[in-house]
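If you scroll down you'll find the structure; I have some questions about it.
As written, the chains take the letters A, B, C and D, and residue 1 is the first residue of each chain.
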Amino acid sequence: MTVASVFEQILDREHVYPFMQRAQSHHIDVSHQVLLYLEGISVSFDGFKAINDLNLYINDGELRCIIGPNGAGKTTMMDIITGKTRPDTGSAWFGQTINLLDMDEPAIAQAGIGRKFQKPTVFEFLTVAENLELAMEDDRTLWTILRSKLDAEQRDHLDQVLGMIGLADQRLQRAGSLSHGQKQWLEIGMLLMQRPRLLLVDEPVAGMTHQEMDRTAELLISLAGQHSVVVVEHDMDFVRNLAAGDRTVTVLHQGSVLAEGTMDEVQNNDKVVEVYLGE
Amino acid sequence: MRTKASKSKLLLGSVSTLALSVSMNVAMAAEDTIKVGILHSLSGTMAISETTLKDTMLMLIEEQNKKGGLLGKQLEPVVVDPASNWPLFAEKARELIEKDKVDAVFGCWTSVSRKSVLPVFEELDSLLFYPVQYEGEESSKNVFYTGAAPNQQAVPAVDYLMNDLGVERWVLAGTDYVYPRTTNKILEAYLKSKGVAAEDIMINYTPFGHSDWQSIVSDIKKFGSEGKKTAVVSTINGDANVPFYKELGAQGVSAGDIPVVAFSVGEEELSGIDTAPLVGHLAAWNYFMSVDADVNDGFIDSWHSYIKNEDRVTNDPMEAHYIGFNMWVEAVKKAGSTDPAAVQDAIVGVSVPNLTGGYSTMMPNHHITKPVLIGEIQDDGQFEVVWETSGTVAGDAWSDYLEGSKDIISDWRAPLSCGNYNTKTGKCSGQNF
Amino acid sequence: MFLMEALKKDRGGQVLLGVLLVLVIAVPLLNLLVPEGHALHVPTYTVTLMGKYLTLALLAVAVDLVWGYLGILTLGHAAFFALGGYAMGMYLMRQIGDRGVYGNPLLPDFMVFLNWDELPWFWLGFDQFWFAALMVLLVPGLLAFVFGALAFRSRVSGVYLSIITQALTYALMLAFYRNEMGFGGNNGLTDFKDILGFDLQADATRIGLFIASALALALGYLLCRVLMVSRLGRVCVAVRDAESRARFLGYRVENVKLGVFTVSAMLAGVAGALYVPQVGIINPNEFSPLNSIEVVVWVAVGGRATLYGAVVGALVINYAKSYFTAELPEIWLFALGGLFVLVTLLLPRGITGLLRRKEASA
Amino acid sequence: MPMFKPLARPLPFFALWMLITLMLGLSLQARAAEDETLAQAGALLVQKFDQRADAVALLVERDHPRTQEILRLLQDGELYYRKDDDRLFVIKSAETGAEALDLLDGSAVTIEKKRDFKKVTLNNQMRNQISQALAEIGLKAEDPKRRAAAVRELLGALNEDTVSVLRNRIGNEPVAEVRELMVLALAIQDLEKGDEATRLQAIEQLDGSLEPPVRNALTALLGSDAADQVKRQAQLALNGIDEKIRYYGMLETLYFGLSLGSVLVLAGIGLAITFGVMGVINMAHGELIMLGAYTTYVIQQLMPNHIGASILVAIPAAFMVSALVGIAIERGVIRFLYGRPLETLLATFGISLVLQQAVRSIFSPLNRSVATPDWMSGLVEINPVFSLTLSRLYIILFCLLVFVALVVVLKRTPLGLQVRAVSQNRAMARAMGVRSKWVDALTFGLGSGVAGVAGVALSQLTNVGPNLGQSYIIDSFMVVVFGGVGNLWGTLVAGLSLGVANKVLEPWAGAVLAKILVLVFIILFIQKRPRGLFPQRGRAAEG
C-alpha cells in the first residue's frame, strides 16, 4: 500500500488494525441454520478404521444426543472436531466460513467450541474460582494473561456460573478436593465461562447420583438455544430424558452414522436393535 | 570445618556471621606446628590419579617428622578435597592459605586445576608445588614445577625415536586439551626444524575418554604402511588410553611395526590395562619404578610399608613430590623460616637427590633439572629403560619452538625477578603483584 | 504495590528477602570495618563463598520456575548458566588487555599459543561491559527461545524433553572442549584481573560482587514471584496439571512454556555471570549434564513450586557438599545418591514442605 | 590367520635340522667352531642392548645351526641368564621350583630363587632384527604359511643374498600363493633396480596387487628417473590399485560403523525394554552395564587360567548380577513411582551415584584390567588393505544374537505376552489375572540383565572403571529415543545407523565434531518426529 494510504489509516480514528481485534471476535456465519458440518470424514489408526465416512450436521442452538456402543468412534469424532486428531479424508466446517481442519485446538476453542472430557479434568491444584477464571472468555495472548485482572462484568459472570453449577460455597476450595460429580459440574461450568457457540459434552453424568443427573439434564436443556450442545452418553434414561420433545438422536456404529431420528424412531430401527441386542 | 558449620546457619539468618567469626580466631591459635596443605582430588574423575599423591605426601611428612620435623617443629598435613571440580580448587586453595594458614601447598594434577588456583596463590603470596608433567608456557613466582616441561619429556623422546629407531614419519595423537595441543605444536616445530616434511606428520585430536579408535588406528596403520618407519607420539589422556591400545592390538599393530611413545601412561595407568598387547610400546618419563638405584628401592619399600600393600606401584609424579618436598625442606632450613618470600629466595639453586640416583636442582625459572628416561612396556606392567639422557635436563618454562614464547625467558632472581620477560621488547608482562 | 501483593501470603519469600537484606548490610560492615582477628570479623574468603552460594541459589530459582510451576523437567539449565558465565568470562578476558603472559594487547593468552593471529568475530564487542551484560541475557535467552520454539511447538514433552535438554547441554560441553571453538578449550577462561576497572582481588570488589549476587537473587526471586501470582502463574499450573485441558480452553500452551522457559534461561545466565568472577574460572565442565541434574535435586530437596524452597535446597546441599567432600569424600556420593532416592520417595514436597506442614498443624 | 600370533614351537624343526646336519656328516672342527661362536654370542647376550644386537648379528652371519632356536627363545622371552655366573638358561615359566635348562649343555637346574635369574629382554630394534633374520631363515621353512609370512616380511626389503635365495627357490615352490608372493617380491626388486624392459614386465606382474610395498615401490618409481613410458604404465597400475584401496576403504568405514553401532545397540537395548516397554526412565542403566563389566573382571580373577572360557562364563553371570540388582531397584524404589516418570528419573539417578561409589569403594577407583581371550584377538585378513578385527566381529554377532533372543522372549514366551499386555493396558491385564507386579519386576530384571551382558562386551573394548556407565548412558538414551520408544527394531536400526553415521562423518569432521553433529541431528529429529523412527501408533499412544 502507498504511503498516503498508511497516513490515512493512521489519521483515521475509527480504523481498527487486525492485530488489535480480539481473537474470538470473527463471527460465525450460520445463515443456513447449520453450525457444524462433518462430511465424509474417515480416520484410521494402524489400519483400524475408527471413523468411516462420517456425515453429521448440527443445527444452530440444537441439543443433539449421540449414542453408540463402545468403539463406535464417539470420542474420536470429538477429537476431530476439536482439532486433536486430523482426519485422513473429509471436511469439517464450523458455520459457513470456518474450516476446522486447518486450525489447532486453541484456535478452535477460541472460535467457540468447548469440550468436556469423558473423564472429568479440572485443574486440581487451583481453587474452583481460579478454574473458572482461567476458562473465562478473554484474550489469550501472553501479555494480557500476565496483566489481566477480573473486571466487574467478568466477576458477575463468574458468580452467575458458580450459582448455575451450585458450587458457590466451594469457590475457594481446591478443585482437587471436590467429589466426582462436583468435578463434572465444575468442568461444565468452565465450558460456560468460555461462552462457546458449541458444547461437546462427553458422558457428563458418569458417576452422578440421580438428582445430580436430573439437574445436569435441566442445565443442558436450558443451555440449548443460545448454544448448540452435543451430548455423548451411554445412560439410556438420561438420553431419553434429554431427547424428550422430539430432539434428534444419532446412533454411531463402527465409525459412521447408523441411524438418526427421534428417540422412538431409533429405538424401533431394527439395525440399531441388532447392534445393541444382537451379536 | 567450623566456618562451614556456620554456613548452614546462613540459611536461618544473619546470625551466622557471629558464630563464624568467633570460630575464625579460634583457628588462629595453633602455631606450634608447621602446616603443609595437600590439594589433591579425593573424589570425582581425577581421584584415580590424585589420591595416590595425597598418600605420598602424607608418607613424606610422616617420615620428616620421624627425622625430628623441621626447625624443631612438627609438620602438620592439612588435607582438603577439591573433588575434581576446577572452581572448587580455587576455593579450597584459598581455604588452606587464608583459613588454615598453611606455609606451603603440594597439589593439583590437571593444568586447568593449576590455572584455577594460580591467581589465588599469587594474590595471597603462598607456595604451590606442582608435581605433574605439563605443557610449560607458565612461570609463576609462587609455583614450583617439579614435573617435566615439554623439553624434559617430549623432545628427548622424539630424539630417541629419530636417532635410535630411525623413525621418519610421525603421528602426533592427543586428547584435545591444552597439554597435547602445546606439546604437539612444539614437536611439530621441532620436527620441521629437523627437516621432517609436513606430509610426514599427522596430527589427530580426540575428546576426553574417547572410546572408539577404529578409524583412527586404521588411519595410523595406512599412514605407517607407506614405506617409511613410523611412530606414534601419544599425548592421549587417562581413560582414553585403554581402548586405544586395545584397538592397536586388535588391528595387529605391534610395537615392532609402529611403536607408540606415551607421555601420560605410567605404572599406575598400566595397572588398569591388560598389558599383553602393549609390550614393546614406549613411555618417556623422568622416573620409572624399575629404575635400578638404592634410593629408589628404599622409596619403594617405605611406600609399600606405608600403604600396607606390596602390589602398589610408584610413578613419576610421586617422585616429583618426593623431590619437591625435600627441596622445600632444604629451602626452609636454609632460610631458617617458612615465610614464603624467604623460601622463594632460598629455594633457587637447592639440589636434592632424585630417585634415579642423581641430583635435581631448582632453577631460577622455578622448574627443576631431571634426567629423561625412555622405557619399553614389559608384560609385567613395568617399564624396561631402553635409553636415557647422559646428564640431567633443565626444565624450560618457555619453549624455544613456539612463536609466542621463544623470546620470553623467566628468572626469579633479582634484579630481573620476572616470570615472563620478553627479551625483544624488554618488558615483563602479566605480573599483577 | 503489586510487589507487596506478590509477597503477601508468602512468608518464605519475606523471610528470604529479609535475610538477604540483613546480609547485604551486615557482611560488608563486618568485613571492612571490623578489624581482622576481631570476634565479629568476616574474612573475605567467607564473603566470596556466600556470594557463590547465592548465585547457585538463583540458578535453582530459575529451574524451579520451569520445573515447579510448568512441569518441565529441564536437565540442561547448566548450559544457560555456563553460557552466561562464558559471556562474563569473555569480558573479563578482554579486560586483561596486554597484562597477559605474552603481553598481547588484543588476544587472550590461549589464543596466542594456539597461534590465532586475530580475534574471532564472536569475541568482538566483549571489551565493553554493557555489551557483555547484554549477551549474558541474550545468548542464553536466544538459545532457550530457539530450542523451546522447536521443542514446544512440536509438543515434545515430559521425559523426551528432559532427555533432549540433556543432549543439548552435552553437545555444548563437547563443543566447548574443542580448542578450535576459541573459548579456551578444557582450560576455559581464567586468570581474570579486574572488572569495570576494579581489581578482582580487592576485598571491596569481592564485597561488591557479593552484594550484586544478593540483589540479583532478590530481584530474580521477586520477578518469578510476580509472574507466578499473576494469571499467567495459574495458567502455568494449569498446563502442568492438565495440558490438553488448557489447550481446549484456548490457551496456546507452547507460547506459555516458551515465554517462561526463556525468562528462566536468562535468570540462569545472570547467575552464571555473577558466579564466574567470584570463582575466577569458567570451563566446559560447567556444561556437564551432571550439574544440571544436581540443580534439579536442590529444588526437589528444597521443595518444588515454592521458589524460596529452591533457595533453601541450593544452600543446604552445597553446604553439605563442601562439608562432606572435605570430611569424608567416600561418603559424599552415597549421601547425595541416597538423598535423591529418599526425597523423591518420602519428601515429594521437600524440606520446606515439612515446615509448611508443621505450620499447618500448629 | 592373525598376523602376529606367536608361531608354533620350534623344537621339531630343530630336531629335523640336527638330523640333516648329521646326515651331512658335519666334521668335528666345524662343531668346535660352532661352540665357540655360541660362547661368544652367549657372552654378548648378557650385556646391554647393543651388544645383544651384535650377538644376534653374529649368530645370523655365522649361520649357526641353533640360530633359529635361540632367536625364537629370545622372541618368546624364554631365555634367561643366571646373575652370578652369566650362564644362559631356557626357562618356560620363571617360578621358584620350576626347572631351567642350560642353553649350552641342556642340563636341568631347578630354580631356588627366581630373583637369581634375569630375562634377556629385547628392545624394538632387536625385535625387528630378529623377525628379519627369522624371515630369511623362514624361507626354507616346511610350513607354507610360514614361508608366505617370511616372504611377506621380506617384501620390499630384499638384499642380494635373499634375492638369490628367492630366485632359486621360486622354481620349485609347490604352493601357488607363496609363489605369487615371491614373484611380487622379485618384481618389486626389479622395479627398483632393473632396465626398462624388466621394469615394464615387473609392472605387469605387480598390477592389481594390494600389498603396501608394491604401492610404495610404484610411487617411488614415479619419482625416479625411469623412462616416461615406464612411468605411464606405473601410473596406470597405481591408479588401479588406489581405486581398489578406496573401495575397500569404504567397506572398512561401513564395518567400523556397524561395530560401533552394535555397541550402541547393546548399550541401548536394555533401556529400550525398561524405558520403552515399562515407561521407566532408568538413569542407573549405565551402572548396570558397569556391573556387567566388573562381573567379567571378577570371573577372570576366579579362573585366571581359562581366560578364553571366562568370557563365556561371564555372560550368564553378568546377566544374573545385573538382573538381580535391577529387580532389587524395581522392588525397592521404582514400583512406588509408577506414573511419575520424572521422579523415577531422579531416584534412579541417585541410585546410579550410589552404585558408582559402591564399586569405587569395593574395587578401588582405579580401572580394572580385563584380558582379551586369544580366540577373540586377531584379524580376519580379507586382503592386505582390508581386514576385520575379530573382537569387533564377535561383538557384532553377539549384538545380533542378543537382539534375536530378546525378540523371541518378548514375542514367543508367556512372559513376553504378559509384558506386552501390561505395557499396553495395565488395568485390563490385571483384570485378566496377570500378576502385573511380578511382570514389572521381571521385565525390569530382563532389561537390566541385558545391560549386564552389554557390560561383558564393553569390557573387551574399553576401561572397566567406575565411570564406564556414565560414558554410555547418554548415548543409549539417544539410541532409544531416536529409534522410537517401546520398539526393539527401532533400537536396532537407530543404533546401527547412528554408528555408521558417526563413522562416515568422522574422517572429515573429526571425532568430536562428528559426535556433536549426531547429537544435534537427533535433537532436531525429535522435533520433527517426537516419537522416534518407529513410533507406537494408535489410541494408546494418543494424547
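Throughout what follows, a contact is a pair of C-beta atoms (placed from the backbone, for glycine too) under 8 Å apart; a residue touches a chain by one contact, two chains touch by 3 or more.
Note that the coordinates shown come from a computational prediction; the quantities given were computed from them, not determined experimentally.
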Using mean Cα positions, find the chain sitting nearest the overall protein centre. C
Considering only C-beta pairs in contact, identify the chain pair with the most of them. B-C
Length of the line joining the C-alpha centres of chain B and chain C, rounded to whole Å: 33
Would you kindly tell me how far, in whole Å, the mean C-alpha position of chain B lies from that of chain A? 73
Would you mind pulling out the distance in Å between where the CA atoms of chain C average out and where those of chain D do? 46
Among all residues of chain D, those touching at least two other chains are 360, 512, 515, 543
Residues touching two or more other chains, restricted to chain A: which are they? 84
Touching at least two other chains at once: which residues of chain C meet that condition? 174, 177-178, 244, 330, 332-333
Mind pulling up the chain B residues that touch chain D in the complex? 45, 47-48, 51, 164-165, 176, 205-207, 209-212, 214-216, 218, 222, 225-227, 239, 242-243, 246-247, 249-252, 254-256, 259, 268, 271-277, 280, 282, 376, 378-379, 384, 386
Across the complex, what residues on chain B touch chain C? 1, 3-4, 7-8, 10-11, 13-14, 17-18, 20-22, 24-25, 28, 42-43, 47, 80-83, 85-88, 90-91, 94-95, 98-99, 110-112, 115-116, 118-120, 123, 137-138, 176-178, 181-182, 185, 205, 207-208, 402-405, 408, 419-420, 422, 425, 427, 429-432
Complex contact set, residues of chain C against chain A: 227, 230-232, 234-235, 237-238, 241-242, 244-253, 255-256, 259
Could you pull out which chain C residues touch chain B in their complex? 18-19, 22-23, 26-27, 30, 34, 37-46, 48-50, 52-53, 98-104, 109-110, 112-115, 174, 177-179, 185-188, 190-193, 201, 279-281, 283, 285, 312, 315-316, 319, 321-323, 325-327, 329-330, 332-333
What part of chain D is in contact with chain C in the complex they form? 281, 333, 336-337, 341-347, 349-354, 356-357, 360-361, 470, 474, 477-478, 481, 512-513, 515-516, 519-520, 522-524, 526-528, 530, 543
